[in-house]
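Right, I'll just put the structure down here and ask away after.
Chain nomenclature is as follows: A, B, C and D, assigned in order of appearance, with residue numbering initiated at 1 for each chain independently.
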Amino acid sequence: MDFNLSDNGQAYLDRVKQFMRDEIFPVEDQVKQEMAALDDPWVELPVIRELKQKAKSQGLWNLFLPDNEHGCGLLNSDYALIAEEMGRSFIAPPIFNCNAPDTGNMEVLLYYGSEAQKQQWLTPLLNGEIRSAFCMTEPDVASSDATNMAATAEVDGDEVVLNGRKWWSTGIGHPDCKVIIFMGLTDPEAHKHQRHSMVVVPRDAPGVTVERMLPVFGSYDEPYGHGVVRFDNVRLPKSAIIKGPGRGFEIAQGRLGPGRVHHCMRAIGAAERTLSLMIDRATSREAFGRPIAKLGGNPDIIANARMSIEQARLLTLKCAWLLDTRGIMGALSEVAMIKAVVPQMLQTIVDNAIQIHGGGGVSDDDFPLTELYAYARVLRLADGPDEVHRATVAKLELKKHSR
Amino acid sequence: MDFNLSDNGQAYLDRVKQFMRDEIFPVEDQVKQEMAALDDPWVELPVIRELKQKAKSQGLWNLFLPDNEHGCGLLNSDYALIAEEMGRSFIAPPIFNCNAPDTGNMEVLLYYGSEAQKQQWLTPLLNGEIRSAFCMTEPDVASSDATNMAATAEVDGDEVVLNGRKWWSTGIGHPDCKVIIFMGLTDPEAHKHQRHSMVVVPRDAPGVTVERMLPVFGSYDEPYGHGVVRFDNVRLPKSAIIKGPGRGFEIAQGRLGPGRVHHCMRAIGAAERTLSLMIDRATSREAFGRPIAKLGGNPDIIANARMSIEQARLLTLKCAWLLDTRGIMGALSEVAMIKAVVPQMLQTIVDNAIQIHGGGGVSDDDFPLTELYAYARVLRLADGPDEVHRATVAKLELKKHSR
Amino acid sequence: MDFNLSDNGQAYLDRVKQFMRDEIFPVEDQVKQEMAALDDPWVELPVIRELKQKAKSQGLWNLFLPDNEHGCGLLNSDYALIAEEMGRSFIAPPIFNCNAPDTGNMEVLLYYGSEAQKQQWLTPLLNGEIRSAFCMTEPDVASSDATNMAATAEVDGDEVVLNGRKWWSTGIGHPDCKVIIFMGLTDPEAHKHQRHSMVVVPRDAPGVTVERMLPVFGSYDEPYGHGVVRFDNVRLPKSAIIKGPGRGFEIAQGRLGPGRVHHCMRAIGAAERTLSLMIDRATSREAFGRPIAKLGGNPDIIANARMSIEQARLLTLKCAWLLDTRGIMGALSEVAMIKAVVPQMLQTIVDNAIQIHGGGGVSDDDFPLTELYAYARVLRLADGPDEVHRATVAKLELKKHSR
Amino acid sequence: MDFNLSDNGQAYLDRVKQFMRDEIFPVEDQVKQEMAALDDPWVELPVIRELKQKAKSQGLWNLFLPDNEHGCGLLNSDYALIAEEMGRSFIAPPIFNCNAPDTGNMEVLLYYGSEAQKQQWLTPLLNGEIRSAFCMTEPDVASSDATNMAATAEVDGDEVVLNGRKWWSTGIGHPDCKVIIFMGLTDPEAHKHQRHSMVVVPRDAPGVTVERMLPVFGSYDEPYGHGVVRFDNVRLPKSAIIKGPGRGFEIAQGRLGPGRVHHCMRAIGAAERTLSLMIDRATSREAFGRPIAKLGGNPDIIANARMSIEQARLLTLKCAWLLDTRGIMGALSEVAMIKAVVPQMLQTIVDNAIQIHGGGGVSDDDFPLTELYAYARVLRLADGPDEVHRATVAKLELKKHSR
């Protein structure tokens, strides 16, 4: 048994930590203020663009990709801890070109895209020249049940025609967003998992309209944002379908595992940041003659935070290691478990941190806790609600038992 | 034993319910849209002003005051259920001139104010012509321990001089806010509960500055708002001190009981509204072949919401009844209990409602759940964090036991 | 609104409290020791028999019956608080002839029994001369779903023939147990709620066998006990069927409401006793320089216990008041709610009390906490598991909403 | 990163699994019945003695000891998973000579004992010829605070004299228990952690009396049992003090880490067993037309059990690995964390399993769940209550943060 990273992983982790310490944490406040001062916040700040160049020039770029050609040859279990580190700052992931949904979209294009699709979209994404969005969830149906998906991707001769409404299309608000991966129903008569297709859609294709952007606990998460996107008779050549009609679920599953690990490890980084804020506040203020950290049930809150973070991290690392050693089919339960465990863990810690901060905890301008709360709360729904993942875990458990 | 309202209470409750149904719920969306469309949202909308006049003309006005002269002679236990009704809509309480902190401030002036103070400030407040703010919590100390309060109200000959910074001064942003009740340290050498004074401060007194308004999960709660207020050598005649120097805690305690009941019953109304939203969504969408309401643990969530609301309401009504029949000294534990129980109950139900709404639950524009969450979350800190109230309950329990 | 008992209720409550204080609490240890010293514990101790006579002679007898003829004319909401008082001691309820399942069985015979049944069984039960058992739950099916019930009560000419196995037949071990009320399937073709019959069975009827008594966390609850009872071709005259074939569910529902209130209020009494033990221990021992009561999260535990007891009691009293004023059909949700809320509340408090007692908390000989735990744990299953009651609450909530 | 056992560890794990499957599980019922049939249960059953010989002869013996001389050279992280396997059956640990408190006592003697102590006591313990007890917790003080310990081990010339009362002395009831390790106060003036001594006491030393055995939820855990032991002027040669006066805490700390891992991994084995029972029941019974496993919140219960077991196991393995690679000083927080996390996790799962079993869940004769509950409940207190371990975690967290 060995809980250490590989040497390669450790080296990259050290470098990312140093970059975070030297370059990213110091500009967090500046970024917040500059964003607040903008008339139009749907832009990328120069400070961010510069840091991207810096990270890229240092080779801290596309670390999420396990292959040596496009990435740095990191194992999932190595990159996991690097993703955690990036998760400590909201501004960090895009600086390393490691933010969702671009990471997942790049994986899809890399593993399932045609040469033409790679050339047109993957290359500039890998270079950080453009951004992308992913359109799956729909406003009009309970999307926790993916078979409810009603938007269509119908094949019509040499073309594919898209219709429907999607929402929570993260990244669609970014000025550099040039491409969308869309998932829709192609053949309602096919087997449940062969009905849907994934289609590469240029952001400026006729018929693609962003109806509105969604405010989440008061924030639009500019400049990325979450949009409601309408597809009205969007006509594309059939070659826009990734891997061909009906392969949507197959691709989605392949995209699944590492993406979950990334999400969860970033959330664990956020939890560490939150715990750190909690302790800062709890040790720097006094009430009833003692530091708040020693008052009543507060030591329990701190201990519980530490214990739940440690456990969630180990579960996610084990999941990453299973992906490394057995692939997605050997990690199905773990991939569901981490998604059910980690966001809830983060939400609980943020809630406790708010309470320990007192009034300051609920003020957006004084601490990042309301932002962290919103992040955690959304994560319990994004990519399937907790309930769906627990149901998967239970189903696999019963299946295992029945053998 | 009798869980019915008095006849007078039931009659007013019925009238308030009808007013809510006929006048308030129908304009909620309009108010939201009009507020969103304003360049400067720190104004009172005409639709609100008109409804105020309507409520006033129907005698649905100042119902929170138990006396017959200024209010309607309602018992605390009667008004409680009326406050619950008002709590179902964020826009309702001010329409009935029953919103915090004005209610508490009116009580303070009515029971402890001088004739001059009453004439100058109470009368226009009762008429709804002006609004007020209450300045107690401070940004620089853990205000959960009230003895930490560091702002000063020093007597200097015939004058009193105020210095210090306060925050979470609710209502300070309202264009009609004309008066502040300020609590500060007068005599650091006196007995712990005789050190502080309450002072009536004209909003436009020299030296009173609103540093900034506080955003809470993305909202400023316009047009009321929560401000950070600085008092720099604010000089007032000594007669501005309510009841005289050192009486601050005494007045605060008198203000305490009914205010807690109002807060908690409004929160119970919000919980009922939330449960109603939850069931609407859960019965109108399907996943995995069943309405969401019947899926997995969702019936438990609905049942738990109902059970915790019922229990919290009964506890609050009992508290109100104790205030009616034994006064604050006979209700100390209950007054602490409801403040610890109700906001947490509301937060849990809102969190579950968000989850059941899926993505819609976290979008500010689609459902009022993020707003309800912010309201609940703040309430767990406002007027003392849960922890302080639980500590009071425990202390009283040990004391009871030791007799 | 009035949270006081009626005058009659208060007078009886005062007398029961005094009897508890003067007669029952003082002999608890003696009873425990005498029981432990018996070779055959399936007997009634003389000290218990004497106290029964004393209670009976003072008119503190059959208080659970609301009518004036057999009981004392107490409202459900009055008796509830008396049941709570009795619940403070495990030995108390039978001393007042107010223990389950005899109370429920007496109600069934009183309201639904024939004159002959009343004369033969109700009169001696009311006099405390005999005891009874209730046979409904079955070992071989999930009895949480009552329609699973597989034991049969088949009509054969002028006779009814019983077959099947029942368990958790409480009271069957008592030496005075002379009669059983049995519920079984009569007509599988009838409407779901008209299939079953209740039958009065003499304990010594041929074919009735107690297979074994059930140990619960190490105790058989002697001398009452819980048995596994086999019915092999038990033949009785058809007149043994209460109210006639197919009326079982109708009777069960009539028996339902007050019995739930009794159970729950006794459990609330047990919770008060537990909280009292918790505080005794927490204030009498020190660790790390402070009484345990003030250590870490312990004040929260004490406060939470007080808050949950108060809320559960009010809910149960409201339920009792609804039964008094609107009958069972006006209290369906409340009757389900209290059964879901109260036992879980008791279990939590007992668990916390065990923790605060340290090693002593898990020793049967040192504190009654393991016994209280077993009582609470069983109560979460007896008369339907929590889950079933929550499901009922949810169902009623959805129904209310759909109107 | 590597979550696999070492080759040596895997080989032993496989052999232990096979032994469990072939030899131990098949005789569990027989052991239960034979124990129940005994007049005097304070004996070791022949079937157990035979299995011990079998395990010993196969080299599945003293696996807990990491050294190659007395044990099998297993790492803590290897043995952990073997301990989990043993934890699946209550009868298993002693069969492999791997049960508490003998394991801890053997470690103390091996690492800190004199040659004479080793020869006299360690050798027969390693051979399984005798058993031992550990006397630390005291009935008269809150032993969660170890400095409360009041029993004395006073040096008097060449002798040491023991006085005081201990309880929860596990193993003292076993017929083969021949030796006690006693911890007592030697020098009240010394530094807090140099006041106490550990003393090796022959079970039959004059002055050693077992006052009574402690029943835990109805069971004495025969033939081991937990005793209240009185030491009245027990005089021993000074050489009976392990490592010399005042070294008690030092030794206790050395004994600490691996013991905690063993305890926790056995508890994880018990949790797996419980989950397996839960699923068996949930899949084999139906209610409301579906298997219980699919009803309402039950899939969540199953998923939560799986998720909490996985996380707790990983935390414990990480702790074991830290002990292997950095020693106790590198694992202080983890050693506290696992003790706070694992027993609570087990208790929750057992509680849920009871609920899913319905009435059967609370009957000692039908399922082992009440026994598992008692085991879990005791474990939350044994070796320090949860609260103490959480306090340690919080303290270390604050310390880490202040650096």
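Please note the rule applied: contacts are C-beta pairs under 8 Å (C-beta built on N, C-alpha and C of every residue); 3 or more make two chains touch, one makes a residue touch a chain.
No experiment lies behind these values; they were computed from the predicted model shown.
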item	value
Longest centre-to-centre distance from chain B, chain (CA-based)	D
C-D or B-D, whichever has more C-beta pairs in contact	C-D
Centroid spacing, where centroids are CA-atom means, of chain C and chain D in whole angstrom	38
Inter-chain centre distance, chain B versus chain D - centres from mean C-alpha coordinates, in Å	53
Sequence positions of chain B contacting 2 or more other chains	296-297, 299-300, 387, 391
Residues of chain D touching chain B in the complex	296-297, 299-300
Touch list for chain C against partner chain B, complex	1-6, 75, 77-78, 275-276, 279-280, 283, 293, 299-300, 302-304, 306-307, 310-312, 314-315, 317-318, 320-321, 333-334, 337, 340-341, 387, 389-395, 397-398, 401-402
Chain D to chain C touching residues, read off their complex	137, 139, 141-145, 148, 167-168, 212, 214-219, 285-288, 292, 295-297, 354-355, 358-366, 370, 373-374, 377-378, 380-382, 385-387, 391
